[in-house]
Each structure stands twice: as C-alpha cells, then as structure tokens.
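Here's the structure, in structure tokens; my notes come after.
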C-alpha cells in the first residue's frame, strides 16, 4: 500500500493532497494541520471531491501515529511556497518554528520513510530537518531546484517552439536568488544543440529564478507548479524509479544541502549524479553553497 | 479534440482547471479572467505544473474567440461557490453582474457547446444564463444539487460503513436551503434496503445541505468537491455518456430551473429522468421551485 | 509501495499486467511464467510499452522471493479465463496442476498478502488454493461472479438506455452455468424501479451467464473484461476501500466457496454482505453451492 | 470530443483500443474489423471491461460513416506488427490488400483527420496510404522508428542504470533492418555525455533494431510497446502538442517516407525537425531511404 503524509495544509499541502487523491496515487493519505477548524473544513472538501468518483484512498486526519508506516512525508508547513518573494529567507523563522513543533511528533511516530521538504527557505529547512530527524541523510530531501528546473525547461521550450518535455537540463544551487541554470547540462531533444546558442540565456535564467515571485505577486501564493513536482517526486520514490531530478540534498564536497541532480528511489537519494560543470558554473555553485551555509548558521541562531 | 472553457479563475475555476490538466482530460483549455494580473499569475503556475510532466494541453488565456469551438464552458465567476453561506443568494448581485459582462462576449464568440454554471445562487443564475444565451435550454445547465447529492451519499455511506460509490439516490431542489434528500430514490448496493430505516435521516439531510457552509466556515471557500463534480460532468458531456446526475435544468412543470435528475450527453441534457417522489417529497420539490422562482424575479429586478 | 504479483502470463495475466502498468497502479510488478521464452518476450514487450512514457514501476520476472512482500497476487495460470466455454470445469485438471506446481513456491516465499484467483473453474480452484495456502480464508478470494455481475449490469443498462454505472445489483453463485442474477438486489439509479419489471429478465440473465462463452467463440479467449475486474479489485484491496463486490469467498452456511457479495479491504474480505434473497433466489444459490461442492470433490480426486 | 478510429482488430489494434478506453483517452472509439465474428467478440469483451468502471466512451463497431469526424484513424490491419520478423516486408502483400479494401471506404466516409499507419512494412505502407488518400501528406504518418527509438533509449538506460525517460535521441530510417541509431542525437539527462562513449553501441543498436523480432519469437506477435506508442502519439496529435518523435513521414530530399524526427500536432506533422547527422549517419539514412524506395516500387507492382 502507498501511504503518504502531508504536514501543513496551506495551499501547497492541500493542492498536493487533492492531486494525489484525484489521480489515485495513494491508498492512505495522512494529513496533519494544527489549525483544527481548517483541517476539518479541508477534510470535508476533499471527501466531497472523492464522493464524485469511486473513493480508493483513506484520508486520516491529524494522527501522527499513522505516519509510522508512511512511505513519504511531505512537509509543507510554515508558509510553504507561499511567500516566494525573491528572498525566501524572510519566512525562515516561521518555518523553523513549525519544524520545531512537528519534528518531535514525527520522530515519536517511528516514521522511517522519506521526508520531502517543500517549505522555504527550502535548502536550509531541509538541512535542519536532517539534523533533527534520526534518519540517514539520503532520506531527507528538499524539492529545491526541481521547480526552478522545470521553469527553465519551459522557458527554453517556449523560446524555441518546443514541447517542454523535449528540453532537459538543470537549474542548480539554492532554491532562491543564488541559483543558476547549468547551461552546460541543457540539451534539446529535437534540435541541433547549436540552436541553444541563439537564446537569450540571461533572460531565461532570470525568468526561471523569478518564476515563483511573479506568481506570488499575482496570486499571493504558488501551488500548482510545486504540487505537480511533489506528485512526480512521490511517484519516483514509491517506484524506486532511478529517475534523475535536481533536488536539495547533502553535497559532502560543499558540506551543505543544495540543489543538484540525483537519482531518486525508494530510499530517497539513490545516487548523486555528477555533472561536469564549467568553471563559471562551478563558481556559481560554490557561491550558492556559501550563501546557503551562511543562512543555515543564521537559522541555528533563531 | 476536447476543448473546455472556464470563465472566472477563483478557487473553483482554478481547481477545476488544474484538475483537468493534471488528469489530461482536455486538449485545449481556454481560461477567462478579467483580473489580468491574477490571470497571468495563474497561467504561470499552471504551466509550471504542466512542465513537471509531458504537456498535452494547450492553455489559452483571455481569448473569447477561442470559445467558439469549446465543447463545454464552465462559468465560475462572481463569487463561485465561495460564499456557500447557508443563504447563497447574498451573492446574487455580484454574480449577475459577472454574467452581464461576460454573456455578450460569449455570444459574440459563436459558442455552440454546453454551458455549465457553477456560480451561486446556482439555479437562478443558470436560468438567467439560459435567458440570455441564444442556445437551446438543454445546453444550459447548473451543477445544482449534484454536489449536495454526493454529500448525502457520503453521509449515508459513512453512517453505514460503506464505500460512497455503493450508495445511490438524489438530493433535489434548490442548490440552497430549500433542497431536500429524496429518500425514496436512495438505494444501497450492498445491503438489505431496510438498513436505510435505521438512519437518522434528518441529521444526514441537514449535513448534506449544510456541507458547503461547514467548509466555508473553516476555509472561506469550497473548491475540491465542486471541482470533481465539474470534471465528472465534463467527462459525461464529452462522451455523450447517458449517465444520470441531479442537476439544475429547466423543469417545464415547475416552470423553473431546479435540481432534478437527468441523463447527460454531448448536448447537455439528453433526457429528463422521471422519479416517483412521495407526496411529501413532491411538496418539498414544489416549495423549492417556488422559492427559486421568487428569487429569479428578484434577480431580474437587480 | 504497491507490490502486485501475477502468476501465469496468458492473455488474462498479461492484459492485467499491461493495464496495471499503463495506469500506473503499482510500483512493483512481479511476473511469474514457467514458459521462459514467452516470459522473456512479454517482458520485453512490456518494457517497450513503459519506454513510451516515464517508467514508474519495476518489473521483476520469475522471482518467487519477491512475492514475499506483495500486497496482492493474481493467479491466472492454467487456462485462465481462456476456455470460458459454458462448462468451465473442463479446465479443472490443467489448472489444478498449475496450482500444485506453484503453491509450494508461493508458500516458501513467505507471501502474506491477498491471493486473488482468476483461473477456472474459479470457485473450486479458489477453494483449493485456500486449502493449500496457510493464510486466513479472507485472504484467498476468487473473482467469481464479479465479471458476471458487470455483464448483467451492462445488459440491463443497454436494455433501458442507461449508463452501466447507474445499474447496481449482483449475480451470485458459481462463476459458471449454475449462477443466477439476484434480481431482488438490482436497483436503477435513475428510474422508478418499476421499469425493471418491463425487462426480459430471462434473456438478460442468460446473456450475462453466457457472456464469456460468446466472446470465447469469437476470439478463443477473454481478457479485457476480466483485466478491468482485476484492476478494480486490486485498487479496492490496496486502499482498504470497503467497496462491495460479488466475489467467490467462503460461505460458512453453504460450507463452500461461492460468489456472493462482500466488502473488500486490505485483508481481502473485510466483511460478508448479507442480502435478503427471495426464496426462489435462495434455492438457486443452494443449488449452485451444491454444484460447486460436488465439483470440489471431483477436483480432490484428480 | 475526441474521436479515434482503429482499423484492424488484431493484437495491436485491440490492445490500442483497450488502452485508450482504460485510460479514458477518447470519447468515441470507432472500431473496424471485417471478421464480424471476431469484431462481435472483441466488442463484448471491451464493454465488459468498461462495465467495471464508469463508462465514458462510446464504442461504435464497423461504421465507416462514423470515421468522418474522427480526429485520428489508426491503421493496424494486415498483419500489423505481428510478424516483426527481421524482414517486415514479407507481409507487404497482405497489408497492401487490406489497404486496397479499406481505403475507398475511408475516403467515402469523408475522413479529414490524421491517419496513423502501424501496419508493416510501415514506411512503404504509409507511403501507399498517402498516395491513395486525398489528404495532405502531413496528415498521413507511420509510427515507423518511434518504437525503435524507445527500444534504443531503454537499452541505453539499462546499460547505464538510468530511467528510460532520462535518455533521449533517435533511431532513424526504415522501421526495419536498414534503420540505425543516430548516436549524434543521443543525450543523457543526468550524466556527463562522455558516459555514452563507454557503451557497446553496436550491441545496443542491434538490440533496438531486433527488439520486435525477439518478442515475436517468444509470443508470435508484439502489442504492448506499439500500443503505448500509439497512445502517446494520439495524445500529441489531439492536443497539438508540438512534441517531437521519430516517425515515418515524407522527406522531400529523400523523396520517400522514412523515419525521421518531426514535431507533432493536430494536423499530424507540424514541422520537420532537422538534425545534424554525421556523414556516416547520413550515409546510413540515404541507404535506408534507397531501400524503402525499392520496396515501394515492389509494392506498386503487387
């Protein structure tokens, strides 16, 4: 049976929950939300949704004990992706507080699966989770630059009149301002790669990085992009797929959590994926790692 | 190709849009929203979502001309289901204004498909749409008591320890306070029907009717239940399925739009479904029809 | 993680496997087929299919040890549903032999999930499985009259111009000639139930019972109907759904495996569902039970 | 509404039909099969399958008139992919005869959509279809090297321990012995591309080319790989997706139908995709084109 937990029922958590239900991805969905009134309302709305089709998922509310056997737990509490404001660190304090509240309960449940952190600032919060949880570091990951990578691929696809699925490559570094597009990793399925050289890379990179901010300005939160990222990642974890994504996980060379590619499987990080960055890209990666480390030290002082 | 339009990108419209995309239900999704900043933000968030998988749907923003060939248009503007407040009429004025703005543009597009109204007060707004649009009345329908019906089925299922799919029957009348559960139509797949007699029907009926209100209190809008209703209905229309749902459409005997069962197909209402109500139920139906008519007269005076 | 095993890769087993893969229902699919050449070919064909999309399921071939943690194992060896010939018992000997070969290996694997038998004669083979396996009887079930029930529902729907989903009720008894439609359980969602009285019930019952035979005559096996039954059943088991189906499981009053309704969950039979048969129906049920028992005695002598 | 026709209900046609139904891809499925007994049996088996879920697709049998409004027609008659025997031309005569029988009826229907030919020898049969049909050449395409491409990607992925989705590139040329892997187009998502140099390319290319033959030896037909190719292609056509696949379509330079990449949309070929082949690859492409042309001349003499 597929058992998925979601902690924090803001826009991100709830859109993820609904998407998992609607696409029949899991058999047991354990939802944790400390605002009980909202939890009750969201539960009723979800089961209304299930009632329109043949329900094939149990929904369990605010029962930490049920997380014991969860394959994956999504952490989307704090302000989630909701203040994707160009400087995601502003929400550090709120999110850290949420981790501090939740972590002892999650540990007490005996949870032994993969924790996927979505909440921002993603890299440092994931690192903090890893420090607190008594789980191997491969089992504690952040969505990090996975969403940014998708934004970059879409931007390139749009510029060249392609389908997004036909553009590959990675954004790397912090899920924040210091990230970068690793252009040396970008490939096009259906074109002489030289076409890439015609692109305004600075503009594309800026748009990928600022994508969340643009959405935030218009609707005050983001949810659909990250909810699909969560679903794709959950499927990869559940099926031990070995697919590669750019995610936030521990880089021993950089000695920090940071967005870089990994093969994903049922234990989280199956294997790191080494990419041969150019020296310029490597410098950006280092700078981003430094920034995350500084931020992590700030978080520890909160 | 399946082409679906959604007018109004509030919580209901957007959740419906996301669900259609995520489940690959349509090939062309035409989204209309007069708040351009929000429209831009929602577009970006949706295409971020699509970028996580292989995109197989075109998303077209604020282009009424594209509605010409839409199979179905969902109207979710005004306040949608968002003030499901026990007296859905409070939003009559806002929604009527939205219809008045949008209808000439929809007519001008040459739209010839099925209009599905979700916005409240659902029955009178649907009736108003039918009056304005130059389309046969079978092509103008409201979701009406379809969601309430699902809520009733879920309540019964929960009370008896069944799966919701194994309870059938209808809520009928207004999508509002004057609705009722037509208990004479309720059947259980897997039980001696006598089990139904053990239920606290008044409580179940109250909860089905008040379901939206409870959710509204907790989260200030409802979206997941109605978004799944919309998807199920769209599938039935697209495939000319002949499935039966309790929906708001014109009842010539009552001379009003009102929630009652119909077989649904690619032209909207394929055929009315006559149910043999008890005299008590018939009286409730008449009272609900009267209430809707009175409300419709109020709307016309706005 | 969802882990499903399929033993026997004939048309039924393979169509089920493909359907599970295509709909992303499971994370691990363990396929057992003693014809190694065919096993290799089917494996390659399936992974070719997966290669057209993003693979999210591991396919494991002929590894009994992997069945240890399977949630469900489908048994479709012997001749499966392939000689649905009006007297399904002709294949008793072949199928019994397949069970005898396979059962010790399945037991040795440490399998602790739900065994779903599809192979014919379904009721006696399921009973035989239950006798051999060291599992509680609720975990050993046969698809039995689930397919026949669907055929009856479709026949009724077609006769009345309804969608099949709007007809409910059960076929019961043997998955074979002695089965019957329990008309007292049949309900229509969207009609005065009196409409049922207009139907040619004898004809509908005959067609439901003979449905497999008609297909067999035309294509020499059946696979699509039973493969969808398997998928629906697997989803219900995985999600502990409590949905009700007419299946072959042990009836202590009749002292035999026989098709009758049950609520299904993650341990197989969650609870029997008592239906109030008419005396005529009860007599048919008894006769069918007697027939199955006689057959089971024959099987034991093989 | 999505309307898909399938001509020829052998293993390929039927597996495609079932997959479209099970995944709710289309609203109308028009099936053509001149063996009426088998057509009847397959129809019953498919509707049995639909009866296990809520049916949302009309199935129409042997009605050419219904093809008038089909978006896509799949041609899988003749022997389909069923004698993928290393020299697919052996079935040329049988398939040509099937085209000769069917084409006048398809033309008479007024069909104006996209014809996708699966039947072998794929390239020459597609060319023949284009000659007969009064449709623009972009609307007549063959699955060609799309399946071979997937086989190559899987082979590379397996050799490197990757998920197939993370390998891109094309097989090109004839869907037959003279095809080749265009290694210059192959990219890995998640590796330094240099890893490709460690591969035994001759072996991988041979396996991709011979993939169908291996399956054919083991099971006497192939169906799952090609059925998923058909589904992916149908989705891309219906949604005007602009995704790129290696397909058989007319190359004006080579003056023949041949497998090479194109962007796919609702009118079939949306645009050719120019790939910069190495001179060795270009020579293979030319040789394959010559072989197809010779074969096409043979076909014309039959």
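Chains here go by letter, A, B, C and D, matching the order in which they are written, and residues are numbered from 1 within each.
The definition used in the following text is that a residue touches a chain if its C-beta (ideal position, glycine included) is under 8 Å from a C-beta of that chain, and two chains touch if they have at least 3 such contacts.
Protein identities per chain, from UniProt: A, B, C, D = L-2-hydroxyisocaproate malate lactate dehydrogenase-like protein.
Since the model is a prediction, treat every value here as computed from it, not as a measurement.
Over half of the residue numbers at the interface between copies subunit A and subunit D are found on both sides, making the touching surfaces mostly the same. Set against the Cα centre of subunit A, the chain with the most distant centre is C. Centre-to-centre separation of subunit A and subunit B, using mean CA positions: 34 Å. Centroids of subunit A and subunit D (each the mean of its C-alpha atoms) stand 37 Å apart. If each chain is reduced to the centroid of its CA atoms, subunit B and subunit D end up 41 Å from each other. Taken residue by residue, subunit C touches two or more other chains at 53-55, 163, 165, 241, 243, whereas all remaining positions touch fewer. Because contacts link each chain to all the remaining chains, their graph is best described as complete. Touching subunit B in their complex are the following residues of subunit D: 1-2, 24-25, 27-28, 54-58, 71, 235-236, 238-241, 243, 266. Contact residues of subunit D toward subunit C in the complex are 14-15, 18-19, 22-23, 37-42, 44-55, 147, 150-151, 153-154, 163-165, 211, 214-219, 222-229, 231-232.
Taken together, the subunit C residues at the contact with subunit B in this complex read 53-54, 161-163, 165-166, 168-169, 187, 189-192, 194, 241-244, 261, 263, 273-276.
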